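Look at the two complexes coming up: chain A is in both, with chain B in one and chain C in the other.
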Partner chain A sequence: MFTLYKTYCPIVGPFDPCNPILEKTYSTPPNLYIGFQPPNLPQFTPLEALRAGTLWKPFYDPYYNPFEEAKGGLPR
Partner chain B sequence: MKQIPPEYYQMMEQLQAVDFVLVELTLYLDTHPNDLEAIKQFNHYAKERKTLKKAFESQFGPLMQYGNSYSGHPWNWNEPPWPWQV
Partner chain C sequence: MWIYEKKLQYPVRVSTCNPMLARYLVEQYGGADGELSAALRYLNQRYSIPDKVIGLLTDIGTEEFAHLEMIATMIYKLTKDATPEMMKAAGLGDHYAIHDNALYYANSSGVPWTASYIQAKGDPIADLYEDIAAEEKARATYQWIINLSDDPDLNDGLRFLRQREIIHSQRFREAVEILKDEQGKKKFF
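Up next is the complex of A and B:
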């Protein structure tokens, strides 16, 4: 199963002017992993789909900024 | 001061939800033309949207123009509330 966020650690040089950023996060939405959409995926109800932004459950990605306090915990 | 009744918002939300489902299904069916289940669902929601539109318009006036909606008497497509006033 894939994760919605991944992190990497940039190189920290000895001459960096500012204090280094140790860990950076980037978003990896579900469509990267699902590829060509198979038929009959589980769906949201119309009202939920309107809020979720997609009709099919596997494609749901709330895309919370990692620094935001996401509803229901930070999807790491 | 003309108030917008709460059921305006409920019916509008349902209409928007069905519209969103139709948009999603259209995009899906563009790449999956043979998916019968999705086509059945699409037709079901298309039919449902017609009834929702009929109900909404009978109460709050036309939604679209140029024959896409029936008109009341007198000619009332330019009646408030407009989308930005809702």
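Up next is the complex of A and C:
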């Protein structure tokens, strides 16, 4: 399944002093995949676009911190 | 020449007086991958780059100043009525000693902005690759600031700015595609 966030599992040592993070996530935004923008991509309405920060739906990739996500931040 | 429109590119709302957050945000004001570096980098590189992409650098460089203005507004609002005590508690005591509550082009560790943050190599591909890298670094910086922030109104503005970094990176990548396009298109190899 295609996703804009990838994960990996860092090594957990037996004597790590901090509580280990088992899974790390990093962002891979849409600009990495689309190449030269093809014609006729789906658009937001002008009003939506002003809020989203882009006119083009395939380029929209909002970022929320875990606190916001817990409160039901919009889906990634 | 520029025409100034007396409004922000995106509304800036701040819920609480929070100098600590201002301190983190300053990274995007006078940091290596901040908006000032971005604006000056692009507007300077455009003199020695093929005609086809000059306009792109002008447009994006100009928009970076609009972002700088948003960041400035955020920092100003976060510290406007902060007392010396509050500034000290946020680790901004030394900033207060020099600047009062004024804004200054420094990074979040207080290191003043320097021109060595930006480069103009005269080679179009080298310059555009630097620009792409700068956009991705700025995007990452916005992510980390959003992670540090507990101000939903502020995060809304930061999310907008991060989205713009993605679009700028996309456009620089397209500029590279334009410049590497085979001239005349009669491919033999």
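Here is the rule we use: the second predicted complex is superposed on the first by the 66 of 76 C-alpha atoms of A that agree within 3 Å, B and C clash if a C-alpha of one lies under 4 Å from a C-alpha of the other, contacts with A are read in each partner's own complex, and residues count from 1 in each chain.
In this text, a residue touches a chain if its C-beta (ideal position, glycine included) is under 8 Å from a C-beta of that chain, and two chains touch if they have at least 3 such contacts.
Model, not experiment: these values are computed from the prediction.
Contact with chain C, but none with chain B, is seen for A:I34 once the two complexes are overlaid on the shared chain. Judged by the touch definition given at the top, the superposed model places A:N65 against chain C, while chain B stays out of reach. By the document's definition of touching, both partners, chain B and chain C, reach A:T54.
When the two complexes are superposed, the chain touching more residues of chain A, out of chain B and chain C, is C. In the three-chain superposition model, chain A touches both chain B and chain C at residues 36-37, 50, 54. Chain A makes touch with chain C in their complex at residues 27, 29-31, 34-37, 50-54, 59-68. Residues 36-37, 39-40, 46-47, 49-50, 54-56 of chain A are the ones touching chain B in the complex. Residue ranges of chain B in contact with chain A, taken from their complex: 13-14, 16-18, 20-21, 24-25, 28, 31-32, 35, 37-38, 45.
Listed in rising order, the residues of chain C touching chain A in the complex are 10, 139-140, 142-143, 146-147, 149-150, 152, 155, 159-164, 166-167, 169-170, 173-174, 177.
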